[in-house]
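Below, each structure is written out as structure tokens.
Below are two complexes that have chain A in common, paired first with chain B and then with chain C.
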Partner chain A sequence: MLKLVLFSMLLLINAANVANAEESTLPILSGIGGEFSAIDADGKAIESTDFTGNVVVLAFGYTNCADICPFTLGYLKRLYAGLRAEEQQQTRIVFVTIDPEYDTPGHLKGFIGHFNKDFVGLSGTQEQIDYIVSLYQAEYKPLSVLEIPTQNIRRVNPKLFADEQEAKEDKASLFSHTVTLYLLDKEGYTRSLEYTGTPVNEFIEKIRGLINE
Partner chain B sequence: MKSNVLRIMILLFVGAVNAASTEVEERVAYTSSLNAMVSVVMNWYDSLVDSNQVILFDKSGSNWDDYRSIYPNNISHIELTGTDLIKIGDNTQYQFTTQVAIFYNDNDGKNQHQQLTEHFVFDVPFLQIPIIKTITRQQLEQNTAVVKQELNSSYFKVRQFSYSWLAYLDGISTMTDFMNGSDWLQDAPYSLKIGGLELTDSISSVLLQRKKYLAKGGHKLRSIDVQQHDEDKNITLNLIIEWRGENAQGKPVIAKIHQEIALKIMENSSWKVVSIKEEHLLPDLKPWQGYLC
Partner chain C sequence: MNKSWLIKLLILLGVIALNVMPTLYANNDKPLIKIEQFWIMLPPAVAHNTAGYGVIKNEGNQADTLKSIKSDYASIMLHKTAIESGMARMIHQPNVTIEAHSELVLEPMSFHLMLMNLDKKIFSSETEITLRFEFEKSGVIEIKVPVRQPQY
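After this line comes the complex of A and B, so read on.
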């Protein structure tokens, strides 16, 4: 009888240790994030609570970004590909544009889809975007007061226009913006700050830890 | 024999499960003790500089007169040049060491100073005001290199207030006397911003709401900025505080807290808090987190 009790206790201790090893120990970062509304890449209204139950990796950027955004989305593509299929189902990669005037839902969908069709692009009114930026204490700044012809920008997925003349006349602003990748748990709490310098395997382990919570 | 083995196994199991919560409780004990001890030490030095400053801690020790008589008369100001804290003895005893330069006028009216290293040994019952058990000191060689910064008594008052407020937030409710809090704790509005949550209400009400996010943990002061206005009748303190602990669901939480505290100096020189604004900032975790590209 005693042997049975001891064996049960050992199993329980082992189970507790395994659970601790697999679950995340990342702390909640108080005050970073919160509930918001936006427009998704299909033009539909979306609430941040729609992501509840999924681990989220959230990034800020814009489609005319010539350097860090394509690099970041390429990194996120590798990160997502490193997850198992069932883990991908529980993970959302969310890209919030900081230039909602230019990045219409349709254009954002084409840009995001260039990297992965599962990725979620968020746009909205300027007020909605600024609120999301403030919730995550992110930043963005226009690089100049003048807009520049977009054909002069090296872009991975140019906006589509009805005719060539319209494409030639197309102009947009350039911005600098926060490069942080925010890792959110299934309840929407920010649990870690990462960037494209984080080794992909390390990032995947953090996502797994949050999925297993 | 069998029952002893079983007891040990049960203890091991309970120990594994409780390790995390013990860590939080140790943090509460450490930060509340630290904040309260610093507040007492600030009150000690302030009472040497400002003869009107009331001594707010227990001075019933048998060597009280000896401890106080060592200091010179006519102290003009005291400069704190270093501090250190170590835990000694059982879990409730700490040694708080200070290095101070004491500036005073001698009998001929000449400016003099002496440098001391003082060791305050405290007994700190959990979530209670620390008790000074002993003070030992060494007088150092006079060092003319000490730069006189003209620190007045408000230097210590600001820190006494700030640390006692943090000790109060940590759970030492009896710290109210150290921050002259009997009235303003009822009256002053407290604004809180945590992400999308924004509310303004009484201090007790806001602290109750705050408990959902910062349920059990400890506050560590990282910096103080003091702005004085209106011929020094109004003071704004900007405190940057690090908080670690857990939320109401028992999940680990860290916070970088900015508090803007508006204070008014009353006719009788006492301080009254006019308002408190708190917001939670991006914690300083990664060197690149402020970069824009």
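After this line comes the complex of A and C, so read on.
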């Protein structure tokens, strides 16, 4: 009988150790992040508190970005694919555009959906975006030298009057921007700053740790 | 010196000549550009821009400068992504010199071809397009490049 009790105690201690090992030890990074409102890729108003209960990986970017953002979203696609189905349900990959004038919700939906339809694209007014950027101590600025009036750079077909009307909508700028990936816990606190250089398995373990908290 | 020694000496001289000749031939003070492994990322349907990657090698004995890259289906620039203090910015590289016996590697988050104002009919599915690289000394080198989904 004594042996059985001792064995049960050992099992309990071991189980507790395993549970502790799986929980996150990441500190809260105070001063980075906070509550905000935005417009999602379906055009609906959204609050950051809507993500409460989910671990969030938040990135900034824009759809005219040809190298950094597609690479980052490709990395996030691999990261998300590495999570188990039940973990994916508790994780939100959020891409906040820093070019809301160009990246309308519909445009953002098409861009993000190319990588993964579960990913959340956030746009909004310039003020909303600037506020989110400031909350996360992120930065962005137009590359004045590289502003691309996309119309007329390359013209294969003759210029039409309709092109003039489209030109206003088709004016794209290039930006420099923060490439940090913010890992937020289920309460919305920033717990870690990652990059596309972080090994995917290492990042997954951090997400797992926050899910298990 | 007997006859066999003379034959050995001739063979030795022949071997040396065979080894030296190509070097002499290569030492013609010209760049020798090879463009390899290029591919272009199939963009999302709504995107106007995309990127291309690959390697430009200069196996010659003289440097050469990449002046432009052109296509009938997009406007193209050579850019470099630079990350400083967590902030990424793109820097236009109008004239990149590739030194003798060196290479320029274009890869994500580094040097890349920035393709803008894409012809959507061409970039709507996996295909192949022609790029024309113009070098100061080597002139125009034309290659066919696949447009495909990224592997990462």
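Brief remarks on what is shown
Simple rule for what comes next: the second predicted complex is superposed on the first by the 174 of 213 C-alpha atoms of A that agree within 3 Å, B and C clash if a C-alpha of one lies under 4 Å from a C-alpha of the other, contacts with A are read in each partner's own complex, and residues count from 1 in each chain.
To be clear about the criterion, a contact is a pair of C-beta atoms (placed from the backbone, for glycine too) under 8 Å apart; a residue touches a chain by one contact, two chains touch by 3 or more.
Because the structure is a prediction, the values reported are computed rather than measured.
Of the two partner chains placed by the overlay, only chain C lies in contact with A:75; chain B stays clear of it. Looking at the shared chain after the overlay, A:125 reaches neither chain B nor chain C. Of the two partner chains, chain C is the only one that A:107 touches; chain B does not reach it.
In the superposition on chain A, A:30 contacts chain B only, with no contact to chain C. Touch criterion met: A:139 reaches chain B and chain C at once.
Legend: residue contacts after superposition of the two complexes on their common chain; A:176 is shown touching both chain B and chain C.
Of the two partner chains, both chain B and chain C are touched by A:67. Chain A uses residues 67-68, 139, 176-180, 193, 195 to touch chain B in one structure and chain C in the other.
Those residues of chain B lying in contact with chain A across their complex are 2, 5-6, 9-10, 12-13, 16-17, 193-197, 213-214, 243-244, 247, 251-255, 279-283, 285-286, 288-289, 291-293.
For chain A in complex with chain B, the touching residues are 2, 5-6, 9-10, 12-13, 16-17, 25-36, 67-68, 135, 137, 139-141, 176-180, 189, 193, 195, 197. Looking at the complex, you find that chain C touches chain A at residues 41, 43-51, 72-75, 79, 81, 83, 86-90, 92, 108-109, 112, 114-117, 119, 150, 152. Considering their complex, residues 63-68, 70-71, 74-75, 78, 107, 110-111, 113-115, 139, 143, 145-146, 148, 150-151, 153-154, 156, 170, 172, 174, 176-180, 193, 195-196 of chain A touch chain C.
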